[in-house]
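What follows is a set of notes on a single structure, which appears directly below.
Chains here go by letter, A, B, C and D, matching the order in which they are written, and residues are numbered from 1 within each.
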Amino acid sequence: MIRAGIVGATGYTGVELLRLLAPREDVELAVVTSRELAGTSVANHFPNLRKHVDLEFSAPDSAALNDCDVVFYATPHAVAMNSVPALLESDVKVIDLSADFRIQDVELWEQWYKTKHVCPELIEKAVYGLPEVNREQIKATNFVAVPGCYPTAIQLGFIPLLENGLVDTTRLIADAKSGVSGAGRKAVEDYLLCEATESIKAYGVTGHRHHPEICQGLNLAAGSNVGLTFVPHLTPMVRGILATLYAPVKNEQNVTQEQLQSIFEDRYASEPFVEVLPGGEYPATRNVKGSNRCEISVTYLKETETILVLSAEDNLVKGASGQAIQNMNLMFGLEETAGLQGIALLP
Amino acid sequence: MIRAGIVGATGYTGVELLRLLAPREDVELAVVTSRELAGTSVANHFPNLRKHVDLEFSAPDSAALNDCDVVFYATPHAVAMNSVPALLESDVKVIDLSADFRIQDVELWEQWYKTKHVCPELIEKAVYGLPEVNREQIKATNFVAVPGCYPTAIQLGFIPLLENGLVDTTRLIADAKSGVSGAGRKAVEDYLLCEATESIKAYGVTGHRHHPEICQGLNLAAGSNVGLTFVPHLTPMVRGILATLYAPVKNEQNVTQEQLQSIFEDRYASEPFVEVLPGGEYPATRNVKGSNRCEISVTYLKETETILVLSAEDNLVKGASGQAIQNMNLMFGLEETAGLQGIALLP
Amino acid sequence: MIRAGIVGATGYTGVELLRLLAPREDVELAVVTSRELAGTSVANHFPNLRKHVDLEFSAPDSAALNDCDVVFYATPHAVAMNSVPALLESDVKVIDLSADFRIQDVELWEQWYKTKHVCPELIEKAVYGLPEVNREQIKATNFVAVPGCYPTAIQLGFIPLLENGLVDTTRLIADAKSGVSGAGRKAVEDYLLCEATESIKAYGVTGHRHHPEICQGLNLAAGSNVGLTFVPHLTPMVRGILATLYAPVKNEQNVTQEQLQSIFEDRYASEPFVEVLPGGEYPATRNVKGSNRCEISVTYLKETETILVLSAEDNLVKGASGQAIQNMNLMFGLEETAGLQGIALLP
Amino acid sequence: MIRAGIVGATGYTGVELLRLLAPREDVELAVVTSRELAGTSVANHFPNLRKHVDLEFSAPDSAALNDCDVVFYATPHAVAMNSVPALLESDVKVIDLSADFRIQDVELWEQWYKTKHVCPELIEKAVYGLPEVNREQIKATNFVAVPGCYPTAIQLGFIPLLENGLVDTTRLIADAKSGVSGAGRKAVEDYLLCEATESIKAYGVTGHRHHPEICQGLNLAAGSNVGLTFVPHLTPMVRGILATLYAPVKNEQNVTQEQLQSIFEDRYASEPFVEVLPGGEYPATRNVKGSNRCEISVTYLKETETILVLSAEDNLVKGASGQAIQNMNLMFGLEETAGLQGIALLP
């Protein structure tokens, strides 16, 4: 039985971790912390968990975290870095869903997150938890930085093109659309129903924190620094990210639709949570709502010599809590898909 | 291994049956029929089922249905009655999600459904599949008529009051709000996003087919004929029914909030899928989205001597396919909750 | 040219006042106040007003208010009462959209609003601004308390029944459904898109501040104290209130559908903003989105001897800002419909 | 008084024409046709028009069309071309909202619309009704082809860049997001609320009929054939198009944000319905809901030498019926903004 703790479980990634972990017979939810809600019932805060989770929130400095086998951080950035070092020293495995350890270049991180990192020496010890890239390192580590929601969808979409050297990497474009849950459960005016429903807009136009994280992964896949234009959009729905990816074919290349389809299918043939759609079908976020799956299609647009990749995920599952648990499964030598086979809720 | 068939599985109750049955290790999806889609892949029609259901739709007269242990009907009314008799004779258990066998008074049925019933003699053999009322009969039968979505929420809300003789049964009011999925997956103008979103309206004001079904159940609980005003509303959301129930306290009665709370808690104490909320908490359909749970609160409004019951369910789960499977579990002597413990998706 | 001021114009009733007043050639928007946004552009806060409103927010104590011909209060409760007396003394007409002067019984007001009223002597001077009831008093006054959103829809629905003595007034039920904009533009968790969309729930179950206001109006129409059960529901849409009203026919009465239809049509025959729907048609909030119209239907449910009234309005227009301007038109001797003829936006 | 007729007014562009024309004192709605609804009340079909439009639908071949001063076609493609010639011969001005006369190259049109054009000789007589490009020709003609919804938003966004020769025109990308009303009021499964809400997907990936129309306009602005990748997305909302446009800066160019801002502001300085947003503000479709305005921002992304243009409109107003009326105003020598000054409904 794995004793699991969750730090900062009052938001949407928190409730999603609880939804996915509560039914497991090999995991015990030992401690769930929240500064503001300490002492109150978890199920009171998240009524969907009534009769499924019978815990109270603890204060975040709970010593009980030290007795866990694994601790998930579902905190805003710049929180985990303060207590992760101690946990790791206590031999607790750590899975950080926040951004604190995702970017290897600490100066870049500090510049984007406008915060001094308190344990920069730990960053290189964190394995970037994208199993489709780092599966073996994840199995071997006790410390994972779970990728962001946009970075997951966008990297999974671009990687097969980059690994195969098919595209001009200086002109990549990621036009991404996210549901409002990506903003978290914060009482902020912009995310009120009356402000966010029945409208779509771009945001973070001149720079979004996920940009350096995405580039870090794409650079590795390409073997050189890519040029990426990334424009996120706030979409009037709760869950889901659709990334529409544009990459110009390299001048000398002669690609075909069949070739692209094969490259993607081969790349992800053994991946349990990446589904390359058959030719002529395209992703929709509703197909993956509540599931850990990422749907991908690839299309060659001959007229403009552009490759179009569409990548859809549930930002709270494959884009956050589901992927975190996928990492946990790997770290503990369990079946990678354990507890993650739930079928998307449609409609 | 239970071999299960589904007739007419192209709508929302169909996909929900498949979502709930596909992960089960004790059930084999043997045959899924559809007149229009025969020969095509189920997962093509319902992309959330890709890699989970590897079947093609069969024609509805598929002989394979006779080899099933159980057949679910997810058809419009007046379809099941044509083939149920033969299946029952072949010793196949039948669980009918349609309205064909719900109403014991065949004339009443024929009047509301404007159709001649083709096997009226079978109606009395059908057990009305509301486990909270008929659990033992369900265990003993091979033929269940699954309650409608409104009737489930409304009966579960009113029954404790009626069984305890607390209210004037001639003046019951059920103001019910349903998501649009209750209308099924029919290409009808009224249910287009542009018609149904961002608006609420009553419908079926002068008579809804669920009215006689609800009254049949309430009459049984009350031991006499009730007077029920039932007004359904089309609500701008996909899933969920909230029934707001008003019942005047009987003149001579002297009720208290504590008493009502106890009556409800006692009535449903051992029910796995009915949750009586603690005083001061009230149902919301989001708390049960995708789950088989019905949330109920009871409130005594002293000033007007009215008892207010709020009852929320997912119309496609506890109001249809989940309840159908709950019946299957009982009919086959399985754990009643098998395959139905999924936690609601929130947000 | 009428010089108009608005106090507290940063919320949804504020922007709606501005949308409706800006195009008018007989009204000059002189001053718009906001404590937090003083000195910033109104159109910056409400981008729909760009090029239509060229004003900055002023501080709320702006002396410019004294130079207005009319001042609207679009503030939370317990704000207007502090400055209304001075404005009235300066001969400025006042139209208060808040609750401060709606309830004639000051003790009742203080009990529900948990605040000491600072100018109770002014309450009786305020005319309750429901033109369908108080048109002549409105024309003659310089001080109007605009009805709340629920009270408008519910009073307009019940009044013809009460005035004609048709129903048992001790058992009135108002099951009301409101869009989320009724909660205002406050950064409160409950009203986040991810909390409020795709779900419906009742709230204020044991008491809502609009209850005494509604009863005050119904009592007047009935000529005696009514018993009203009022249950509001938060509905997943931006705008609109649908009130579903239930009233039992008085024992000795013998009513017909035709009679009811006539009573309603006669009552509202000359009302420009109340539309009694023809028999067989029912209101939907989408039909009145953005317009000042209230749609009403009346149906006799013979079986339960209950009269069902459905009443739909846009809570921000006929339920707030549109009605406020209707009052202004009357107070200034203008055409009552001036600036309020906008057709609902459909779809 | 202008006598106006509308052919095929049962869909969303039809009701929007009626909403915008009904209040006008200089326009008389003379005849509104519909094949299926002939003889029934318009206001019955569109309840928002009750008391505003007192007409019945006529059969489409109504001779009354010949007595009109102007006839709008709000029909699917391949309808208008059958009767437009006769109307023009009767000296009736024609404003066609459908695609029949938008594309000057008739072979291209026939290829995309899979129909033989019945009056190809008329195509060159039709003025493409984008006032920001063709104002003088529109004033002089009696026959306008109103641009499509996507083409309007995308051309207005790209044109300033192309006219100024700033970008590599072989690599233009338009990632466009449309509300569901763009699909019209057709009872098609894909556009049911339960299918289209809470999800986003691309469609028409390998070719959309608006592609040749957009290119025709961009080619003219660029003075050469452009290469355009155009990917439309179905977005879970009723109204609105947001076009996210990407254009690489020409190699030798040295552009700045200030320069781009000036170019756009200058280009549209005298346009009543194009609003270039100040630096740092970005469009959202909610800002233009129900209005005839197109909001545009331009941003230079230095790192990838890409110019990002965001363009938002209401697809039913500036993208269809509002623009049609803007054309009518010009054709009749009226104030261009007459009847089109309505402020967007927010929230």
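By definition in this document, a residue touches a chain if its C-beta (ideal position, glycine included) is under 8 Å from a C-beta of that chain, and two chains touch if they have at least 3 such contacts.
Please read all numbers here as calculations on a predicted model, not as lab measurements.
The chains that touch chain C as well as chain D are A, B.
A rotation of 180 degrees, rounded to the nearest 5, superposes the Cα atoms of chain A on chain B.
Chain A and chain B have Cα centroids separated by 37 Å. Per-chain Cα centroids separate chain A from chain D by 39 Å. Chain centres here are Cα averages; for chain A and chain C they lie 46 Å apart.
Multi-chain contact residues of chain A, defined as those touching 2 or more other chains: 12, 181, 185, 194-195, 197-198, 236, 238-239, 284, 286-287, 289, 347.
For chain A in complex with chain B, the touching residues are 12, 15, 19, 22-23, 46-52, 181, 185, 198, 238-239, 275, 281, 284, 286-291, 295, 341-347. Looking at the complex, you find that chain B touches chain D at residues 12, 180-181, 185, 187-189, 191-198, 236, 238. Listed in rising order, the residues of chain D touching chain A in the complex are 170-171, 173, 175, 177, 179, 194-195, 197-203, 205-206, 227-229, 231, 233, 235-240, 242, 244, 246, 248, 282-287, 289, 297, 299, 301, 303-304, 306, 308, 310, 312, 347.
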